[in-house]
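What follows is a pair of complexes built around chain A, which joins chain B in one and chain C in the other.
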Partner chain A sequence: MSSAMSLTAIGLVIAATIGIGLFGLRISRTTSDFYVASRAVSPRWNASAISGEYLSAASFLGVAGLVLVNGADMLWFSVGYTVGYLMLLVLIAAPLRRSGAYTLPDFAETRFESAVVRRLCSGLVAGIGSLYLLPQLRGAGLTFHAVTGAPPAVGAAIVAAIVVINVAAGGMRSITFVQAFQYWLKLTALAVPIFVILITWRSMEHPVGLLDSLQGAGSEWAEPLSHAGGRDHPLYATYSLLLALCFGTMGLPHVLVRFYTNPDGRAARRTTVVVLALLGMFYLFPPLYAVLGRSFAADLIGTSPDTVVLELPSRIFAGTTGDLLGALLAAGAFAAFLSTSSGLTVAIAGVIDQDLLRSRLHRLTGGDYLAVNSFRIAALLAIAIPYLAFNLTKALSLADTVGLAFAVAASTFCPLLVLGIWWRKMSVPGAAAGLVVGGVAAITAVLVNVIGPPSGGWPKALFGQPAAWTMPLAFLTVIVVSKLTPHRIPRGTARSMVRLHTPEAVDVDRGLPPA
Partner chain B sequence: MSTPAEGPRRVRVTSPRTSAARRPSTPAGTREIDEQTRLGEVYMYSLIQSQLRLALAVVAGAAVVLGGLPLLFALLPATRHLLVLGIPLPWVLLVFVVYPVVYISARIYVRNAERIEAEFTEFVGRK
Partner chain C sequence: MSDTRRAGDPELTTYRDVQLSPDFSELRRRFRRFVFPMTGLFLVWYFVYVLLADYAHGFMSHRVGGNITVALLFGLGQFVSTFAITMIYVRWADKEIDPPAERMRTLIEGEDQ
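Up next is the complex of A and B:
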């Protein structure tokens, strides 16, 4: 990989990101602009932006790395990331938009009329968001290291700094455009090298090794449930992973915030369908990198599999072609870190701003401050904490860390949202207990993985992929506690149900002023 | 208008279509919902139930199809390395087939969800 060329490409991505961000600054004036782009983003822009925000380091680098090492069972990662949006579409997309709230804690507060549930949600947004930011920073460090040889902390610091500048400067309005641009950049970056490889081989009439790793001897790797990579109980792990991804997507803080930028519930649904098409197109490519990597970059399996996407072109093409394609991929990878980190930072900064900072600033300054400045300070805090954690923790693979963030989301926000939207007998203690029980169970599993994973057998499988037991546990807790406390069902539940489910064309009292 | 004035009788100036049937200013259905009458509750309940049934149908379909694949690979080990056009079956399904199927399911879901909403809107009356 030529570092000069890659650095130029990364520099261009950063310049474009900041450039579009600055353009956003000129049209971003109110607090509402900062959070949700004043809800005036068209479905196509919005779908590109949602996909751009969603496709993180774990998708761009991590999936290919995991498939390279562990084989076919890891294909479920990209399937789960996509099906997660299908579940989000059918279970919560339109009602969530109709709830009229800005953030997840806002939703919890208006639905359950409880400050306690709101605070629990705020804490979880910050926790899940930080857990998800960690692998983004690690991916940035890894890419920077692969390109220049500089220590990973430098690359992570660069991404953190750009994200803060961009988010603090323009908030959501500017990152909507930044992220839409970054989806198409990421897709191009992954697709072009594959097409160049296919065309070159076609003209040579020797597709050497293209399918070697999938067929013939030594292809146990290509079979599902094969224990490749030393994973025990692959069937359990597959189901648990699938559950975490399918039901965790809806609970990711940056995904939820993004839905409020749709003009109405119907647009929220239609946007999600476009998102599914965009994600499906993108996820065709990472497995192809893994298959080719198996033949051309087998040495990475033991050293740093997460860089296979970046290394592959220079392994196949000597000279300028390889360098150019490598530079394109490095640029795409940086786009992935920047867009996901920006979205997460906006979401975390939103809750820090609203629930921690603003009231204190108000007391401190006697009201003599700008609401927007409170958001800017919050943005700085939101990324500083994961950056510190990045420097303190040791490496888990990118997609595995992200998988754990999904498991926590599936065990906390998924029951809150799904039952909160569809079940009118959910009580306030039920909601709170579900968040606490699901959160404690899933976060314990995460900590066990980070601090000292069990060596093997069922304990390793159960803690490595916790969703299969933590998510049902959370649902059960909500249902049982709600049944035991029927007198604590929020009084406004009927009105909330009207607000969540009636189409905008019907003129009814929604209990809140239309936003 | 409640106190009849003296002098020349007032003439009501009206549009020619007053005799045509007019919709009540507030449609009955939305008033039932707003006032949370039993009938209004029934309207809302039936809307939520139809949407929930539709959503759960999609979830169940995904569970059977996606959840069935690992089971298929576990129970019939031959399917793990069966080649389709030179590519193992699991790869064909998980890399190529699954995404169009998901997209088409989403399209069908949205069409049905919008139909349920359109019927509800017609039934209780629009703005």
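Up next is the complex of A and C:
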């Protein structure tokens, strides 16, 4: 891989990101612009932006890496990422929009009228967000290492610094255009090399066939529920992963807020249709990299499978073609890290600022501070914590780490949202207990994976893919505790239910800012 | 965010009225009757696909032509079906949810003013 060419490409992506961000800053100045400005944007642009933010390092690099090592079962990652959006649309999107809450802690507070539940949610948003940021930084480190040979900590630091600059400067308020641009960049970066390979293949005399890895001996990896990569109990693991992805998307801090960037529920539905088409189109490509990678770069399986996407062109083409395609992929990868990290950092910083920092800062300085500075400090904290974690923990594969973030979200916010929206008899202690039990169970599983995963058998499967037991456990806790504490059902439940379930055209007070 | 909120002063009786009104329960019931079974159905479809892949191995690896197997078609079908489900939902919501919503709107706003 030519480092000069790749570095130039990465530099261009960074410049474009900051440039579009700053340009947008001039158009939008107020805090609400972040949400409201994009209401003038058509569903198609909005859908590109949502997809741009959603497709992270795990999608761009991680899925191909996992399929390369573990085979066909990992294709469920792509399906699950997409289905998660459908679940969000069908079950949550409309009622949540109507609640008038921009964030999960806001929703918890209006629905349960409880500061404790709100604070639990804030902590979980920060936790899930950090867990999701970790693989973005790891991906940046890997890519930078593959391009220049520099230690991974450098690449991660670069992404962290750019994100903080961009977010703190307020450049992400015009997030829609940056994200939309990054979606198309990511799609192009993944698609072009594949087409170049397919088109030029016939004229090349390469000793390895394109589909060698799918034929004859050694092709078992491509069979479903294979034990490739040393995974035990593949059926359980697949089901658990599917559950986590289907029900975890609704609890991701940077995803929900995006549903406010549509003028009404109808447009939100239109947008989701386009998002699903865009995501589906994108996810056709990573598996192709894995199949080609098995033929041309099988040595990466044991060393660093997450770089297969970056390495593939130079394994097939010698010289400039390989370098150019490699540079394009490196640029696409950086677009993935930047877009997702920025969206996550904004979401986490908002919560840290509002719920943890502002009141303390207020007390410390006696009110002598700017609210904007509190947000900036929060943004710095939001990315510094995962950066520290990145330096302290061992490498889990990119997509696996993201899978765990989904599992935590599915075991905490999913019961809170689904039952909170549909079940009138949910009590405040029930909500709190569900968050605590689901959160502790899922986070324990995460820590076990990070610190020292069990060597095999059921313990490895149960901790590796915890959602199948932690999510039902959380639902059960909410239901049982709510049944035991019927006198603690929030007094405003009737009002909340009307608010959540009457369509938005109806003028009930939702606490929404006037349009 | 929360600081941009209007301090609402909701008329609790109106909310109770709405909650108890047959239109409201009809709307909620209609929504639940469509959305919950549909969610269940499409989850079952994904889960059965995983099982098929394991236990109907011969069927799934049957070659339709060239390198294209039944499993591959079904796999791509996951994306197609996800998309189809979304389209069905959107159509349904436009047709079945928006009109009664409109009726409720006139009802409530009539009461409010």
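Just so we're on the same page, the second predicted complex is superposed on the first by the 481 of 515 C-alpha atoms of A that agree within 3 Å, B and C clash if a C-alpha of one lies under 4 Å from a C-alpha of the other, contacts with A are read in each partner's own complex, and residues count from 1 in each chain.
Everything below uses one rule, namely that a residue touches a chain if its C-beta (ideal position, glycine included) is under 8 Å from a C-beta of that chain, and two chains touch if they have at least 3 such contacts.
What you see is a predicted model; the values in this text were computed from it and never measured.
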(request) Please tell me, clash or fit, for chain B and chain C sharing chain A in the overlay. (result) clash
(request) Report for A:G319: first if it touches chain B alone, second if chain C alone, otherwise both or neither. (result) neither
(request) Tell me which partner A:G302 touches in the superposition: chain B (first), chain C (second), both or neither. (result) neither
(message) On the A-aligned overlay, A:G452 touches which partner chain: chain B = first, chain C = second, or both, or neither?
(response) neither
(request) Applying the touch criterion given at the start, work out whether A:G149 contacts chain B, chain C, both or neither, answering first, second, both or neither. (result) neither
(message) In the overlaid three-chain picture, which partner chain does A:G350 touch, first (chain B) or second (chain C), both, or neither?
(response) second
(request) Using the touch definition from the top, say if A:R266 reaches chain B (first), chain C (second), both or neither. (result) both
(request) Based on the superposed arrangement, let me know which partner A:V498 touches: chain B (first), chain C (second), both, or neither? (result) both
(message) Please report the chain A residues shared by its interface with chain B and its interface with chain C.
(response) 72, 75-76, 79, 82-83, 86-87, 89-91, 94, 211, 214, 223-225, 235, 238-239, 242, 246, 266, 269-270, 272-273, 276-277, 280, 283, 422, 494-495, 497-498, 501-503, 505-509
(message) Per the contact definition, I'd like the list of chain A residues that touch chain C in the complex.
(response) 31-32, 72, 75-76, 79, 82-83, 86-87, 89-91, 94, 100, 102-103, 106, 109, 211, 214, 223-225, 235, 238-239, 242, 246, 265-266, 269-270, 272-273, 276-277, 280, 283, 350, 354, 422, 494-495, 497-499, 501-503, 505-509, 511-514
(message) Which stretch or stretches of chain A touch chain B in the complex?
(response) 72, 75-76, 78-79, 82-83, 86-87, 89-91, 94, 211, 214-215, 219, 222-226, 235, 238-239, 242, 246, 266, 269-270, 272-273, 276-277, 279-281, 283-284, 287-288, 422, 494-495, 497-498, 501-503, 505-509
(request) Could you please specify the touching residues of chain C with respect to chain A in the complex? (result) 1-2, 4-6, 8-10, 12, 14-16, 18-19, 24, 27-28, 31-32, 35, 38-39, 42-43, 46-47, 50-51, 53-54, 57, 60-61, 67, 71, 75, 78-79, 82-83, 85-87, 89-90, 93-94, 97-98, 101-102, 104-105, 108-109, 112
(request) Could you please specify the touching residues of chain B with respect to chain A in the complex? (result) 27, 30, 33-34, 36, 41, 44, 47-48, 51-52, 54-55, 58-59, 62, 66-67, 70, 73-74, 80-81, 83, 86-88, 90-91, 94-96, 98-100, 102-103, 105-107, 109-110, 113-114, 117-118, 120-121, 124-127
